[in-house]
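Okay, so subunit A shows up in both of these, paired with subunit B first and subunit C after.
What follows is the complex of A and B.
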């Protein structure tokens, strides 16, 4: 008998949500989207989902399969069945979006954050020889090449750890990507206008580095890396009076000084004396269990002079 | 079987019990570890924020030290694994970057060649040592122990850097735990993030989240959590009273380092594995297996 596959679809009719199972006969070399279209065409015309290009370009078909966001048109059905070793897949709308109906989500409130980072080139730079063209070197273009690949499908939003936790206090990963795309654009006259919203409202330093965004992006865009670059950029612009900067700089200093982290002084360097005092009960707890050595200061590692020379060289080059 | 051992900073500090367990387990299994002389902190996802090239160069230095002793690197911390593997991936695919980094490394009379691989203890147990061999060494099968497996982000994501298994449905940890004789519970948070790297700037969110992971594990009926990452272990164990303030409920569940769980099955004593250094008491769990 031919194998049946089951799509267990999370449905929403505007009031209640429920799961509905659809069985379809298995066919080889199909996509997840193929199954959805088959169900809509042959079983249930009320099933709602989006798709347009069927070529991983328009970004409209993003959904979750077994709790992982993906493009339905790009994803091989065979590979999903093999990955989960099952013939039943659970299909849900992207997480962290309001749902309009079934698998269709509402993008409206994402545009607010998008507008905040001003996703357009600001100001005019001289076009050499009055050509009317903005010129970019290959290196300058490479800087913005990866963020430019974003197709706004929303896959990165669905499983973003900190956006799930903090909602509006932590922007969607693709917003950071968009911010970096313009902050780094050599033709832009006001990079800070794109950078400051992510630093102040977007929670730039609150990213947990879970790498979900990079993992889920179907186009190889790397929002978590763009977050790192935005952080670096914010420090270069002098926005250093915050916990995140102090924490990152503490690591850089420890490595330069001894080569190793010092867990005992790290909170002090990051938070300052007052907030650190609040951590005394925590420290005592660790002390009681022999997890903290308050008088242990790592001595410099073998070859520390080499590390310091590396630092000096790279810092000098950075200044250039 | 011999590796260049990269312990990572926390094994000299708040996760020292993990070092005890690793030494014991590798001794019993006959896996030889040579600590990389002069290894430095990997930068723990923070260094590259200050200077991307510095982040790569510092880890190129670590790798080149292992290359000098001619051994593949064995890591025991997820984040160290990601930092080292990120550097390696970038350097092995970009000759221009490799030249730049090697110029910087020449200041320390070192050179990155790309000859040493990087692997994690979890992967070594599964692939290099092998489940069959591991099972042969088990003297105390963890029969009654219900275990929730917690991977931690940086051993699965991003997949093109880590490359061991599909991050959407990994199996390595469950396979090891089952080989030890323990029962793996169905644990929905097994692939979630513990929040360790944003504890300072987003403390409340992080503590709530890691507390919830423990609650979910408790609700599955698990006796303990186990993780291959000392940072996840610290995040899930050390902050237990702090997070209960936010969650207004008990979240106590012992969280074991993977080598501790392996060590128990290999017959090592709880003390030898540092199980007395946990914030959430491990006695009830030990009673279950003795």
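What follows is the complex of A and C.
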């Protein structure tokens, strides 16, 4: 098949940014990275991108293709062409990183957040004097297996909707994964030291659970799940005096009581009277559009007994 | 001028282990220069595990058995004093990793899990599923963050400056802005990995495994030791050469030819698929040569069959292998056998280390560790699981050694460092301005083709001579290369130009030493000299570069307690 494929690449030379199109002859069973290397070797040696292991373990080659972050080395060209029903693909650097040149982004300041969560074991729980080794059961190892799959490729950073909005007020998803990896490690003696930085500085409760970090991770790492686990841990450690915890607790109460939410009283429970007052203009707008029913107090749904049974069972499990 | 006491070049396993060791001495200024972000280093691609004779899995295992396996695996070319040091250090070095936080897979007693590996008489390979190198690399990086190690990420080594036998410092380029800097340092640890990219795409190695540190040492007059010993990993994916861990055989995988036969019974009746890598690679190539390969149209391979292991075991122990097979060969090993063929994997040879306890080279102040170095503990063939152990044990030793050197030596002379900086600035400028010539990628591809075809798994004098003369031609043509990128910012074309030059220099040494070794030993298999010749070749080759001349000579192998014998598996 003599088809041409086109890589439309976002270029940046340090000053100006522009798109450049490269045509290459189609070949079957190739990867996105194959095309980039072909362009650099045969058409344009100035095209800058990173790549190293070409087997999805070093994390160098993460870029965006048609606005979705992926690893160029492991992504099938055929599947991308089929997915978008096109022979033109737009390649851009990862979002939410400063760009150095073309598809090459700067990682330097990401390591600062990483250092904040103290990504190392603290304490000498059952390994006295720093000799010998820690015992850990296969199940305890499994707890940290998923978060240690992270290769720091940055796909989650690029696609995280909340990090895009809030920048430094909501840390890069992989930072939460790193925090959870050490919070959950049975060998660690100071889990709070890894958790508090993301609770206090990292915006732990600001995740909107859009799941982009999970869908986009090329290694099956689940940052949004790790965020949920960190939230539970933070509550178990007694860090409950915050909006996030109150919001979660209000949810839990409503569901137990009636099986559904009450959106009118929810802000009161989460934010208190003072903050809720500030929301009045917003509430009025909702009212006007018919999206809020101020005098609606839901009665329990059918089957509420089942829900309550679930709650009781969970509480019992917790006590164990 | 950037001034340090100890500089480490390379941010992989050996480099970061050395940095952690050097950083313990608070009186010394230490920095790491790495051409990639440290966690991108190729240590992360090591899958199967790291050897330590803990005797957890098999109570009969011992340090002594690890010693004997390593000597035998090396086809008796490993230095036994160094191997003795190595196998004794392995367990404690692995426990240090564990205490740092490396997430190892565990046995039912909560101890580090161990698995069988090629050429090992007991299961002693400690692992974390099939991503052992990855978790070690990331843990080392986290430890470096903890200890505040100074990193220069994406700074590229251009030259080691040695003047009249004295180490002066190094010349590096900041890839982000293109600026070239001298670094004045009393000692240096070179930990820049191997140079499997002399075979370009026929390798499991990363695209940047170009032996920059090895070439810099070689250019500075330090001999290359045993460069002819190139390990071909038996199980690279047939299409791409991507690594399928030895763990896949360690966990019980079969190798099957087109007749559905487990052909290893002919080559290693006892160890079968768990023979050492040199032997298994030759067995696969022999099957293909004799018409029992699968495939066609000049594209032959054999099959790695994991199906009988069952879904549970594959998901638990070999998740990455499965993922790679799905992504790169479009098949799921739970349901289908995987097409594989040997692929260049590891350089046993490298920078001549003259003292294994400090990893020092003949030039005081220059130390080397990891794949770039040749201690030699791997001799003519490295055992699986010994390379991660190597980077940890000798990275640590090199870090200590470099501290000792820094205390004995004075700083380099600034005038010569400035002079060499000016040379490289001029070179960078000329190359950016040069408008036409030969494409670097073309030279690189021709190098790879001749090395693969003529200095591959089976070798003959005639073919290797052909490779040598082609490499010499390419070295000439290299002078007329142009890079085609005039930017100072992130000029990867210039980096690749220097890398290709490094590959050419090293490939020539490989061919030269391979031609001269008229015997078959370990992974150096000659059709024209099919047997081992201890009378004439139980010795290390060294190649020294004096100007443009390559001088070949030999040094003795240290044999302490295990006399050479026939190698059977």
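What we mean here is this: the second predicted complex is superposed on the first by the 296 of 320 C-alpha atoms of A that agree within 3 Å, B and C clash if a C-alpha of one lies under 4 Å from a C-alpha of the other, contacts with A are read in each partner's own complex, and residues count from 1 in each chain.
One rule holds in what follows: contacts are C-beta pairs under 8 Å (C-beta built on N, C-alpha and C of every residue); 3 or more make two chains touch, one makes a residue touch a chain.
Just so it is clear, the model here is predicted, and its values are computed rather than measured.
Asker: Subunit A superposed: clash or fit between subunit B and subunit C?
Answerer: fit
Asker: With both structures superposed on the shared chain, find the angle between the C-alpha centres of subunit B and subunit C as seen from the C-alpha centre of subunit A, to the nearest 10 degrees.
Answerer: After fitting both complexes on chain A, the angle is 140 degrees.
Asker: Once the structures are superposed on A, label A:25 by its partner contacts, choosing first (subunit B), second (subunit C), both or neither.
Answerer: neither
Asker: Which of the two partners, first being subunit B and second being subunit C, lies in contact with A:293: first, second, both, or neither?
Answerer: first
Asker: Which holds for A:98: it touches subunit B only (first), subunit C only (second), both, or neither?
Answerer: A:98: touches no partner chain.
Asker: Which of the two partners, first being subunit B and second being subunit C, lies in contact with A:119: first, second, both, or neither?
Answerer: After superposing on A, A:119 lies in contact with subunit C but is clear of subunit B.
Asker: With the two structures laid over each other on chain A, which partner does A:272 touch: subunit B (first), subunit C (second), both, or neither?
Answerer: In the superposition, A:272 touches no partner, neither subunit B nor subunit C.
Asker: If we overlay the two complexes on their shared chain A, which of subunit B and subunit C does A:243 touch? Say first, second, both or neither.
Answerer: In the superposed model, A:243 contacts subunit B only, not subunit C.
Asker: After the superposition, what is the least C-alpha distance between subunit B and subunit C in whole angstrom?
Answerer: It is 13 Å, taken between the nearest C-alpha atoms.
Asker: Could you list which residues of subunit A make contact with subunit B in one structure and with subunit C in the other?
Answerer: none
Asker: Under the stated contact criterion, what part of subunit C meets subunit A in this complex?
Answerer: Going through subunit C, the ones touching subunit A are 36-37, 39-42, 44-45, 95, 98-101, 103-112, 128-129, 131, 134-135, 138, 142-143, 145-146, 153, 176, 206-208, 239-240, 242-243, 320, 323-324, 327-328, 330, 439-441, 483-487, 489-490, 492-493.
Asker: Help me check something: in the complex, which residues belonging to subunit B touch subunit A?
Answerer: Listed in rising order, the residues are 9-10, 12-17, 37-41, 43-54, 57-58, 61, 65, 82, 103-105, 107-110, 153-154, 157-159, 166-169, 192-193, 195-198, 200-202, 205-206, 208-209, 238-239, 241-242, 276-279.
Asker: Flag every residue of subunit A that touches subunit C in the complex, lowest number first.
Answerer: Listed in rising order, the residues are 13-14, 29, 40-42, 44-46, 48, 50-60, 74, 76, 100-102, 104, 106-108, 111, 114-115, 118-121, 127, 130-138, 140-141, 144-145, 148-152, 182, 185, 187.
Asker: Residues of subunit A touching subunit B in their complex?
Answerer: 66, 68, 83-84, 161-162, 165-166, 170, 203, 205-212, 214-215, 228-229, 231-232, 235, 242-244, 247-252, 254-255, 259-261, 263-264, 267, 270-271, 281-282, 285-286, 289-293, 296, 298, 301-303, 305-307, 309-315, 317-318
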